[in-house]
Amino acid sequence: MNMHLKTLVDVFHATRLQSVLNCESLELDDYGLQAEPFVSPPKWHLAHTSWFFETFILKPFMEDYNVFHPAYEMLFNSYYNAVGNQFPRPQRGLLSRPILSEVMAYRDHVDSAMADLLGQDNHQERLSIIQRCRLGIEHEKQHQELLYTDIKFSLFRNPLYPAFLTENVNHHEGSMDPVAEKVQWQSFTGGLVEIGKSLAPREIDTNDLGSDVFGFDGFLFDCETPNHQVYLSPFALSKRLVNNREFQAFIDDGGYQKPEFWLSDGWAVVQKEQWQQPLYWLDLDGVGMEYTLYGLQKRQPHQPVCHVSGYEADAFASWAKARLPTEQEWEYAVTQQGHRPIEPSKIFHPQFCSDSEDEAVEKGLLHLYDRCWQWTASAFRPYPGYNPAKGALGEYNGKFMSGQWVLRGGSCVTSADHLRPSYRNFFYPQDRWQFSGIRLAK
Amino acid sequence: MNMHLKTLVDVFHATRLQSVLNCESLELDDYGLQAEPFVSPPKWHLAHTSWFFETFILKPFMEDYNVFHPAYEMLFNSYYNAVGNQFPRPQRGLLSRPILSEVMAYRDHVDSAMADLLGQDNHQERLSIIQRCRLGIEHEKQHQELLYTDIKFSLFRNPLYPAFLTENVNHHEGSMDPVAEKVQWQSFTGGLVEIGKSLAPREIDTNDLGSDVFGFDGFLFDCETPNHQVYLSPFALSKRLVNNREFQAFIDDGGYQKPEFWLSDGWAVVQKEQWQQPLYWLDLDGVGMEYTLYGLQKRQPHQPVCHVSGYEADAFASWAKARLPTEQEWEYAVTQQGHRPIEPSKIFHPQFCSDSEDEAVEKGLLHLYDRCWQWTASAFRPYPGYNPAKGALGEYNGKFMSGQWVLRGGSCVTSADHLRPSYRNFFYPQDRWQFSGIRLAK
Amino acid sequence: MNMHLKTLVDVFHATRLQSVLNCESLELDDYGLQAEPFVSPPKWHLAHTSWFFETFILKPFMEDYNVFHPAYEMLFNSYYNAVGNQFPRPQRGLLSRPILSEVMAYRDHVDSAMADLLGQDNHQERLSIIQRCRLGIEHEKQHQELLYTDIKFSLFRNPLYPAFLTENVNHHEGSMDPVAEKVQWQSFTGGLVEIGKSLAPREIDTNDLGSDVFGFDGFLFDCETPNHQVYLSPFALSKRLVNNREFQAFIDDGGYQKPEFWLSDGWAVVQKEQWQQPLYWLDLDGVGMEYTLYGLQKRQPHQPVCHVSGYEADAFASWAKARLPTEQEWEYAVTQQGHRPIEPSKIFHPQFCSDSEDEAVEKGLLHLYDRCWQWTASAFRPYPGYNPAKGALGEYNGKFMSGQWVLRGGSCVTSADHLRPSYRNFFYPQDRWQFSGIRLAK
Amino acid sequence: MNMHLKTLVDVFHATRLQSVLNCESLELDDYGLQAEPFVSPPKWHLAHTSWFFETFILKPFMEDYNVFHPAYEMLFNSYYNAVGNQFPRPQRGLLSRPILSEVMAYRDHVDSAMADLLGQDNHQERLSIIQRCRLGIEHEKQHQELLYTDIKFSLFRNPLYPAFLTENVNHHEGSMDPVAEKVQWQSFTGGLVEIGKSLAPREIDTNDLGSDVFGFDGFLFDCETPNHQVYLSPFALSKRLVNNREFQAFIDDGGYQKPEFWLSDGWAVVQKEQWQQPLYWLDLDGVGMEYTLYGLQKRQPHQPVCHVSGYEADAFASWAKARLPTEQEWEYAVTQQGHRPIEPSKIFHPQFCSDSEDEAVEKGLLHLYDRCWQWTASAFRPYPGYNPAKGALGEYNGKFMSGQWVLRGGSCVTSADHLRPSYRNFFYPQDRWQFSGIRLAK
């Protein structure tokens, strides 16, 4: 997000526009593509993010709001049971209608109404509107990331291995600079520390929707709250992420054939899915290739290994005689180091871990937000005192607090301003289609 | 097929054009739609029919033929193992690439090469080229029908119930003319009769590709051959097809709840799929509706019941104290009556069985080719002495001679010139997405 | 059946006793064994055959019959919907209760009541009782065969490969006598022939239940009726069955890897189940073994190949440039030759095809009833004019006339007196656990 | 366990005998029963517990040990990949061989060898033998509990609803004493507390295998270690367990129909499995019944609700505006109160929560170990510094630390001496066949 944006309306429009811009590289034929139930077609993402504003803001708060199409309430509801039934997720790719131009008209209709509503300075629900609008913006940024991960997954099923992007492809391949061969460790003393954040119940000046309310501490998902104390024993984190060369060594050592490295559930998945390597790795005529958003590329040994499941991350750590960090260790360490997310690279593949060893020593923890999400050893569970929102919006995070693992950090397809040390991403440990990698702990 | 067409090249081009014209009503978003593995997306039909000419004619017979794209051999192979691997059928809807314009370019490329090859009067494989071209034309007509049945099925999954066609919709709804209420029966004596056809091995004048070689007797699929004798006991066929009103009576009598009417395998499907009525029947607010290519329409009692499985046809016949005809009875009866297929109505839904009883008495068997395919009691098995073609084209029919039932006649979405008394259509008895109805026997 | 038995009561008791005797080799631990839904545990067979007499004779015809246990009506109903609900077939192995001694008491209870009822000479439903008793006897003989096929299948899942039988094991292995290496063919002219049988509606003397009513022509299942005419072209049948050596040649020629020999549905099963050889073939340390009712035995090249599916039989025939016979060809040929089933060998594995070529020339068709059932090319469909019984007993055969193939003849585990030229056995073409083999036609 | 037992050998034999005694009520027909893959047949439990001693003690440590049967290593291996392949878990019920008497002979063989080995005072691996023997004893006690839970589940599939036990059935039904209607809460202040235990590396006197080494602190599974600090906010626990009456109120309020109470994964299971009530609840003719080890019994409102999944426990807590305790809260609270497991009641169904309110006030937390296991909100994950054993025994707990939830306490089918405050039981949140109930926290 551009920090020069002054008002909530500006940010709203910029975010909405960004979703459309991210689709520019798509062919018309791609908009309905859904290779598996857990990914969604681009057209559906475009519609659902509009549905979010319509459902949670326009319908409850805008007088005389004209619903665009009554069937959309069901068609584009993702998982909010309190709103009503949902069109079955595995069939989203079957929604050839509404056609793309109708979905675009839906977006325009919602945007126009939102601009109107946000301009009503004296609306008696002004604060709720603003808060939900900020949630809707964060929500749309999450779907912008999902658009990349989902289309990558769906295009990969095509034996033509189409390239989604063509810009930056050369830069993406990178150079073979000197790299930090050995893993460096950063130590932390731990103790009784504070984890999570709480929003102070301050009085928001609803007439001054300036940039401050979107600052680093300006928004929190409910699952990041409340702040609370935990006790941490001393620990250390690897400064950089595990790279392809190291993961290849795990493979070469029979990592995928040796149950002793694996959690029992993970080993069952390895057997059932016959995993032999990370999701997008391919060997063509003896050459190690990797499917990227730029099409098939030669696999680079010093890029961070990406698109591994939590089970693979855990097994690698076990093989490496280390372990995954807990989410508390990760958050505490990052907070200690004072790192902040950096500007995005606009290169949509995790780049070389190219820092020299000296740099690594100097900088501390590297690649926190801009390469791959980092699997943690922590189940996604509520913080002590967690209190989800009332009604349908309470379903945003709370009901998923079972069976999933927390990932921390961010990836090369995440909006940089979307991230913060307390952000808790979560996926099932068998999921591989996110840009997820490995940082070790011990 | 227009009988004024004078040459094979004309027929070829007319057929190829027709496939594209049939897609005119589609939205761009519809071309990749595949709701279940047994239907194919329109784009795939357009590509596969081109693949057929390329694979079986251009590649083997055209010198210096320039293959359009090497990957298409696998991508658009339907089921010909002798040609090589096939892209998995359930994933055809995931082929967003090649995009539609590329598929259209593929069609043009093939058409142009075919025109060139068909113009080579002295080609030493001239006879094979002509014979395979005629097969390819028939093949494409089959896919033209599948395009209608498949898109109907896929659009039906959309809760918006989109209309594929908008023309003729009023006429389609028809008028409430007097109808033949009672089933009339036509009796046949049977005896030792001849079934099937054999192509006489005559010398085709390859320089005279006039209309005669495409006449009624001009083409046979191998499964229609050879002609052979069978013994038939006396039997009778219903003159018209079973209509919606009659099928509703079966439902109202608990037909879907009473196992005594059903074949064991059929009853298992009824339980598993929880069938309660034909495929496209819906009850909305107490009104009986039917999904058609014109969108949701009110169900008409005197239209032929359509989109029933063979199991439902058999159960209905059992309930009606009748049975389904054998394919030999059907073919013999039709041949006896001398019926020929009529010009198509251009209305893509089975019309009223609106003949008065007097007409029915006069005309004999009605609605043979232009309403619904008619399920028979016959398993699709080879005729005595059946001899499939050598090589990949031998896979066209022969390998499917297990587990499927024969349907005879034709439907409102079949090309009229495509049909003949000896034509054997075949589907699994649980299939319902074809325009399949019921003619009774006793 | 021992032809010296004079009365129906004698035959009834002898049949009932035989079922128990067939279980003598079982361990107590085996009685509940059910490895797949399509096989039943021995205890269930023992109970269900009793249920048949109780349900169809004792309950409707015996005044004051004392039902053994009310829950058994549901527990031991196989598939008769008209009787009521059935305990789910896949869970029959979970019925540890009633325990074996209770099932045996159930048998005794039914036997005693049946003897009582059969002794009531003046019962006004005497004819129905006799007819249903004869059906019940035939039914129990079918289950006696199933007991062998089912326990063989279930024990095979045990890596200990237990032997069910220990007697005759040496004889079973046979000697290496001279064998007919080449297939001999017997030719038939065909023409308009009669197939099937019809029971003459003669007056049965219900006071003289002597052996004549159980003679060769004394009992027919409804699916064998009525007799009717069919036209057969000239054909030939192989005199003996295909043997293991010949089937191995098919395998060695890549038979299981070449789709061109297979029906499409069959090829799909080969891929899904990864079939590489007949059901009970094993290779242990390079030695070809076969699991038999006598445990693991060395595979014998001149024994008939057994436990092949219909798909494998069809593929073998295709590879051998022959085909499977139709059921009409088989029945006509056997009737022409005047063969009758012979005394059983008491060796429960198909023996050598050990006749010399000279013998084969002399004897005509060999091994019709005493080695393996012979797959035919015919779908199991009703004969023209077929009319099943009313009520639940009408479910015995009629509702299965879909999707299954006819087998003719008999096997080494079939009661010899159970068989006749018109007998139609039927299983799905993917089934392999019956003693099913291959006779070729051309 | 009888505390008068003086030596490890005594305890070993008493434990081994107890497993056999627990089977006394079984019919022979029950020993192979396995209704679902996640339960095991009684015969398999008897064999596997012997396999444990043979595999981990006799084979590595006893010179000249005579292996009972070479195939048992694979047949009775549960999940130890480091030992080798395992017979597929879902097929354990198909092992009719070895028969029961052979398994009993296997037990005797192992017991005799173990007695011999334990008597070798000067064995150089004496300490390992003793430690592993203690582990084997604990392991066998776990399987004694599983025998109850598994046979209850398998017998429940039988529509006869057989009673496993007949003793104590009257007492089981209990009396309608005054009960504590309202939930009482016990508050705890929390703070920085110690959780888990560590075994002091003391010198065990291997010549004095007296009762002290089996005392309360004498044995720990690795997952209970090491002890470590956690910070707990103030909390309160319900003194007694949720009872049937209260759970019925949840049902009556539409608990199973309202997604807002459920975790997303839980709701998916509710829909898929169509859960309407706890596992063994039945309504027969309008009477609320419950299947117990004593057969079908009338449901008692003041007995603890039992056989609920973790999802149901969580949903109930959500409905009750409470939550589940964390495992740390549970352990800390119990330790604070100084409760110890009590003598078992020998009644194998959770008894009334019959204490009056006054008693409840006085006693603090009730029913910790002797009614139902108590679901916690904690994922089963390793404690900080967790270090599993090397080799196959390291698979005992560690590899299951994913996807499962911790239960604390014990149940009416658990050996009382088997339990302790630090014991961590774990099952998947969808599992219901354990004696699992609900204690609330807030």
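Here the chain labels run A, B, C and D in written order, and each chain numbers its own residues starting at 1.
Criterion: contacts are C-beta pairs under 8 Å (C-beta built on N, C-alpha and C of every residue); 3 or more make two chains touch, one makes a residue touch a chain.
Keep in mind that this is a model prediction, so the values were computed, not measured.
K.L.:
What chains, if any, are shared contacts of chain B and chain D?
P.N.:
Intersection of chain B and chain D contact lists gives A, C.
K.L.:
In whole angstrom, what separates the CA-based centres of chain A and chain D?
P.N.:
Here chain A and chain D have centroids separated by 39 Å.
K.L.:
Would you mind pulling out the distance in Å between where the CA atoms of chain C average out and where those of chain D do?
P.N.:
Roughly 48 Å, centre to centre.
K.L.:
List the centre-to-centre spacing of chain A and chain C in whole Å, with centres computed as mean CA coordinates.
P.N.:
61
K.L.:
What are the residues of chain A that contact at least two other chains?
P.N.:
none
K.L.:
Spell out all pairs of chains that touch, sorted by label.
P.N.:
Every pair of chains meeting the touch criterion: A-B, A-D, B-C, C-D.
K.L.:
Quick one: which bits of chain B touch chain A in the complex? Just the residue numbers, please.
P.N.:
Per the stated touch rule, the residues are 27-33, 35, 43, 71, 74-75, 87, 91, 93-100, 154-155, 157-160, 162.
K.L.:
Which bits of chain A are touching chain D when the two form their complex?
P.N.:
The contact residues of chain A facing chain D are 79, 81-82, 192, 228-231, 233, 259-260, 262-267, 311, 314, 377-379, 381-382, 384-385, 394-395, 399-403, 429.
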